[in-house]
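In the two assemblies presented below, subunit A is common to both, partnered first by subunit B and then by subunit C.
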Partner chain A sequence: MAAQETSQSAIFRHAFGNVLSFTVLLLIGVMAFSIRLFSVIKYESVIHEFDPYFNYRVTQFLTKSGVYDFWNWFDDRTWYPLGRVIGGTVYPGLTLTAGTLWRILNSINIPLSVETVCVFTAPVFSAFASWATYLLTKEIKGAGAGLTAAALLAMVPSYISRSVAGSYDNEAVAIFALIFTFYLYIKTLNTGSLFYATLNAIAYFYMVCSWGGYTFIINLIPMHVLLCIVTGRYSPRLYIAYAPLVVLGTLLAALVPVVGFNAVMTSEHFASFLVFIIIHVVALVYYIKGILTPQMFKVAVTLVVSVGMVLCFAVLAVLIALVASSPTKGWSGRSLSLLDPTYASKYIPIIASVSEHQPPTWPSYFMDINVLAFLVPAGIIACFLPLSDASSFAVLYIVTSVYFSGVMVRLMLVLAPAACIMSGIALSEAFDVFTRSIKFHLVGTTQNPQENAGDATKVTQNDVKSEKSEDTVKERSSRKSKKKDKENIEKPSLVSRVEKRLLVLPLETSVMAVFLVVLLGAFYVVHCVWAAAEAYSAPSIVLTSRSHDGLHVFDDFREAYAWLSHNTEVDDKVASWWDYGYQTTAMANRTVIVDNNTWNNTHIATVGTALSSPEKAAWDIFNSLDVKYVLVVFGGLVGYPSDDINKFLWMVRIGGGVFPHIKEPDYLRDGQYRIDSQATPTMLNCLMYKLSYYRFVETDGRGYDKVRNTEIGKKHFKLNHFEEVFTTHHWMVRIYKLKSPRNRIRGKTKRSKSQKSGTSKRSTRKKNPWQ
Partner chain B sequence: MAISPTTFAVAALLVISHLSLLTTPATSLSSDSLLTELSDLQSQSPTGVIRLSDSLLRRIVSLPTPRPFHALIFFDAHQLHSKPELSLPTLKSEFGLVSASFQSNNPNFKSKLFFFEIEFQESQSSFALFGVNSLPHIRLIPPTASDVKTESIQMDAADYSRLGDSMAEFIESRAKFTVGPINRPPVVSKKQIAFVIAVILIWSPFFLKKLIAGNTIFHDKNIWMAGSVFVYFFSVSGAMFNIIRKMPMFIADRQDPSKLVFFYQGSGMQLGAEGFSIGFLYTIVGLLLAFVTHVLVRVKNKNVQRVVMLFVLLVSFWAVKKVVFLDNWKTGYGIHGYMPTSWQ
Partner chain C sequence: MGKSATTRDVHALFHSLRSAYAATANHLKIIDLYIFFAIATALIQVAYMAIVGSFPFNSFLSGVLSCVGTAVLAVSLRIQVNKDNKEFKDLPPERAFADFVLCNLVLHLVIMNFLG
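Now for the complex of A and B:
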């Protein structure tokens, strides 16, 4: 009777726990979604930054023209005169996801615009990602850790930075895909089910569709498999988890046009094939070990091992030859700079120039994962006690991702889920110990008769643990028989665990510890909300600044793009530094020379060279590219620091990398980059300087640059080959038109020249709000 | 019109050949003896670089032009070897490599191009002769140069920026000798490679046996644990930043050079010691927490537990507080919560 009652109460408890978990998960999803809405509330529902504009444009095309046209889309609005094959060079995951969402919503009569769907894709997927984190962590360390990790991930600043509403970029869906793929891998590893293995391959396919970061998966999982083999943890489950993933995953990955044969040809994927061979050799060894007697096995082992080694060496040699025969040793520059951190800064300025490829300093960690940085070591240690296949994967994940994040700050994004999982485990273990201690003391001292009830909870707790430790046993019988075993074991283990249960800490220190841990969590929440609201919600297309006389809104970018789309011919070409390429094509619908898809270094170097050349040479270059308008971003008037003058040294570097007559030292005075009267003549005469500071002295009379905090070096000068056609309200975007050659010749006669400059001045002066 | 340049060239040729006919008998003896002496010295030196003394140089210079060989001179000064920004030792060894490669690749032209080095302390007058007053300095004396100071060719900094390869290009462009591939000694010699491979081959069966039996250091999870925590510490301390940017551990204060600055204000940069100390703080809290939840619970003595836990809590609290404080100081962010206005 008593046994039945307890089992019934256990069922009730179980059900209650499930409902509670479900509710908590639902709330976590709501939180993950809503914390990312700050950008919409503070600004407006608008696409952010640079790359998202491209994705938005592609999505528009997809929804308008359908999937087939999307695959075949050749875009002639960019990389003029080369153009770009969009279908074959874009990771289609995000676009297809948002396009499908839009289609579904429309088919059930919810008429959302494509833009709205794009804006809210990232928050929706971060809710999915936190649920995936729950599943993954649950497989590693149980439901408690899972819920904690999911809650942490829902608001980790690093992830928020890439997934606020409006940040419509690949990472938004890719992080979900990453975590979900890992979950399915661990699930397969724990169950040995081929069903999950297949799902795993499909999830991997989705990841390949979404983001170039999929190479992290296809290297991490083989590493884990190799680690398991080396540490003697090989099991058939490992084989089932790995082999189908490689075969199916590679086949599926090759279906994505942008990956194609890279899936079998580049070195990033070779590790998986090597491990694929090794796991077969090992599987063979284990099989033979199973069917032979120990004596026979010893004889056989020498034979098999030697044959296997010869095979391995042969394949290894082929692989090395393949790798060595390709020019960059088969590795793409970005991956190489991960292995040899100094590689990119030495050889590829275009990679080194991107700010998110810089190595982070310690405040970046505090900003991006905040107090999780303190908790992760505890999580690592908890994963080793006891070590299971799943927890060893978690450890490997955190170690590799934390190393990579140390090399490139953008990979902090990959670290964030790992840090959340680890911290979730650490927090959950800490709460487990502390609350157990408190409960033990309270129940033990005041309520002796109810000790049974206390026992029951502890027994269930311990059962969870015993289940976990059983997981680690290598030879595991099927699930059903295991459940039976558990029921049998439960009774005797009750007795043995009563003594073990005394693993508690003193009451008052436990209370203090719980208080401090809660305080730590509260600080985390405050930090995350602050980061979401203040640091990561700026769309960077609209800027605001708060000063003593209220809020200022700088909407210059959209002003400029709107001007372009209304006042220029449809086929006019606009040259700017590559940062603004995507925005120009998406918002102004004009053809650009280079854009943020930096696939052609020479082309970018040409633009860089033009901007660092004197006016005449620059005009020649731009004219040869059919450019009609040149757009520069200038922050000197309002103090907007990420303007073209601050990026200018990279233009020089990239330009000089291809055209050696552009030399960086020419632009530096004693190694210092300056634009004041000490600047070099080359600097003061280059096009970028002239276009940025043309007529700047008219604003305040002395030409004081608020970003560089100095007066500019050359204040009064005229433009001979360019004419100013538009400058935005705050001077943040300035657009110049190339004078046509005929005009230039006529302009040499004095009369028409003075007339011309006079009229242009008067007409632009109207637009200048500062006079 | 068409004839005159040709005739002029022929005439010039005649004059030159006459001149050489006239001069050869007189100088051939001394130049021959010098050549054999130089070849001798060349074969004695392991890299084929000849140590030039004042007297030897004077004899070479005093040879009537055209001399039968080019001379490439490396100006060296021992006392400057310690200055890393000059990188004289590297250049010198590269110079030797180019020399050795040239001589092994072109055995026939061995006596057409000689490689020399001059030491500043031994032969200051030679330095003065060439007007060399800064190092590194490499100079090529063509056979026709009569005034070595003006007619010799100095190697630009760009010509040894890529070390041996660019030196070889310089020789090819100026002296019209092909150096050929530069034979660099491998980082590990062939014998060492063979030895290492042999050791690996012998050891691998034993290792595999152990691996199958399951007791290598890889099976000791404590090593893995320590390793992963270390990698974590290494990364969060921003050590990669320090390596890539070659940051020093600390710098001297600008206002007061006797003071040392360990913490740099501004989030874009960090100093070495700063990174490691914060990395330590990041790591220690987690380690202490793990210690409490996994080790301390097993201790039976209540008072020990109490004291240790108090200590752990204090240290953790201090560490977190310190990092928060330093982060606010360094980045200048004012992190604040959003409380309802009615609460204030």
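Now for the complex of A and C:
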């Protein structure tokens, strides 16, 4: 009877737990979605930044023309005159996902526009990502840790920064795919089922489709397999988890056009093949060990070791020769810059110039993962008691992602799920101990009599320890509770190993500790909501500022693109620095010379050289590229700091990297970059200076630049080869047209002009690779 | 003296290997035969590529990887079906075979797409 009742109450508790988990997960999903809506509420439902505009344009094309046209699309409105093979150079996962969503919604008569679907894809997938985190952490530690980790991930600012509503970029879908692939891998590892292995390969395929960061997965999983083998945790489940993934995964990765044969030929994938071979060798060794007697096995080992070593060295030598023959040892530039952080600044200035690729500062860790930064070590310790395959994977994941996030600030995004998992485990274990203590003190004496006897001995031991912990509580109660968490986790672990039973703490300590941990969580939530609302919701295409007379909205970018789309011919080419390429093609619908894809360094260097050269030389270069309009961004009137004059030195460096007549020291006075009266003549004569500051003195009479905080050097000058056609309301975007060459040249200057044009023709021949 | 000892050891080793292998169940031996067939086909394809050249590379890759893939999946099936494996004793062999078929289906679907 009693057994039946307890089993019934166990069933009830189970059912109640399941319903509670489901409700909590639903609420977590809703929270993940809503916290990312600040940008829509504060500004409008608009696509942010630069890269999302390209993805939006591709999605528009997909929904209009269908999958086959998208797959074979050659875009001739960008990188003029080269064009770009969109089908072969874009990661199609995001656009196909959004396109499918749009299709499904339209087919069930919910007529959302493509823009709306694109804007809200990221929040929807962040809800999915938090559910995937729940599943992954449940496999590692249990449902409680899973729920905590999911709640933490839904709010972590690092993930919010790349997945607000409107940030329609690859990471929006890719982080979900990453966590889901890891979940399926761990699930296969835990169950040994080939079904989950198949699902794992399919999820990995989705990840390859979505983001270039898939190389992280295909290197982390082999590393983990190697770790398991080396620490003696080889099991048949490990083989089933890894080997089918490698074969299927390589094939599926090769299916995606942007990866293609790189899946078998670049060094990023070699680790997986190497470990594939190693795991087969290990499996064979274990098999033979299983069917032979120990003496025979020893004989076999000596025989194989002597013969196999020679073979192994031969194969290894061939492989090393193959890999060393390529200059970058087979790694791509971006991967190399991850392994050797100084590589990009030495060899590839374009990669080094992107602000996302800089190493992060210490404050950015606290801004982006906040409280989790010091809960992670507690989680790592909790993973070791007990150590299982899944928790060793979690530890490896956090260690590698911490290293990579230290190299490139953009990869803080990969650290976020790992930090959430670890912190979820830590918090869950802490709560476990505290609530168990409270329950024991409040209800323990009336329930199981056998446990009571054992607990009595524990309680006396605890009294000794509790005095110590109470002292420490009194000392540190004013401080953060993290130290208490760590102490409490360490103490139970020691005692539990000795006694192999559950430890309880005194009642007051536990209650206080629960309260403090909840307070910690509250601080985290407040910070996350603040970060989402204030720091990460800006769409970058619309700027706002508060002054004493209210809120100013700077909508200059869209003003300029709208002007372009209404006042120029459809086939006119627009030249600007590569930052604005995607926005120009998406919003103004004009052909551009260079855009954010930055795949052709020489082309960008040509544009950079043109912007750094004097007017006539620049006109020649632009004319050879059929450019009609030049667009510059200027922030001097309103104090917008990310304008082209601030980026100008990068233009010089990139241009100078390909065309040696552009030298950076020519633009610096005593090593300092200035645009005031002390600037060098090369600087004051270059096209960028002239296009930015043309007629600037008319605004306030002195030409005071609010970003550089000085008056400009050359104030009154005329443009001979360009004419200004449009300047936006706050002078933030300025558009110039190339003047057509004069019909006839006046008689007196003809000879000298022809001499000059002769020399300039020769030098332009050097400058112009297209003539 | 030492040499004859080692050759005697090697002979004993091979003998014990052969006898231990002969003791395995029949259905496992069938799976082993299938694995051997798949690997042999892969090796033949690699030899052919070495003679004729690797164009078109995607066909070569899909051919070799399909052989290697079926071999790997057959090894997984053998692991799951082998009664000596304690970890899989509550897995019914029908379920193992169904998973094997499913994974093969996915593999060959991808192969057919990639074959060109």
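One rule holds for everything that comes next: the second predicted complex is superposed on the first by the 668 of 771 C-alpha atoms of A that agree within 3 Å, B and C clash if a C-alpha of one lies under 4 Å from a C-alpha of the other, contacts with A are read in each partner's own complex, and residues count from 1 in each chain.
One rule holds for everything that comes next: a residue touches a chain if its C-beta (ideal position, glycine included) is under 8 Å from a C-beta of that chain, and two chains touch if they have at least 3 such contacts.
All values reported here derive from a predicted model rather than from experimental measurement.
Of the two partner chains placed by the overlay, neither subunit B nor subunit C lies in contact with A:591. Annotation for subunit A, partner touching more residues between subunit B and subunit C: B.
By the document's definition of touching, of the two partners only subunit B reaches A:385; subunit C does not.
When both complexes are overlaid on chain A, the residue A:121 reaches neither subunit B nor subunit C. Of the two partner chains placed by the overlay, neither subunit B nor subunit C lies in contact with A:692.
When the shared chain is aligned, no partner comes close enough to touch A:55: not subunit B, not subunit C.
In the superposition on chain A, A:361 makes contact with subunit B only, while subunit C stays out of contact range.
In the overlay built on the shared chain, the residue A:197 is in contact with subunit C alone; subunit B does not reach it.
Residues of subunit A that lie in the contact sets of both subunit B and subunit C are absent, per the superposition on chain A. The part of subunit C that touches subunit A in the complex is made up of residues 9-10, 12-13, 16-17, 20-21, 24, 57-58, 61-62, 65, 68-69, 72-73, 75-77, 79-80, 84-85, 87-88, 91, 96, 99-100, 102-103, 106-107, 110-111, 113-114. The residues of subunit B lying in touch with subunit A in their complex are 204-205, 208-209, 211-212, 214, 218-219, 221-222, 224-225, 227-229, 231-241, 243-245, 267-270, 274-275, 278-279, 282-283, 285-287, 289-290, 292-294, 296-298, 302, 305-306, 309-310, 313, 316-317, 319-320, 323-324, 327, 330-331, 333, 335-338. Within the complex formed with subunit B, the subunit A residues making contact are 230-232, 285, 301-302, 305, 309, 341-342, 345, 359-367, 371, 373-382, 384-385, 387, 395, 398-399, 402-403, 405-407, 426, 429-430, 432-433, 503-506, 508-510, 512-513, 516, 520, 523, 526-527, 529-530, 533, 535. For subunit A in complex with subunit C, the residues that touch the partner chain are 192-195, 197-198, 201-202, 235-237, 239-240, 243-244, 247-248, 250-252, 254-255, 261, 264, 283, 288, 290-293, 296, 299-300, 303.
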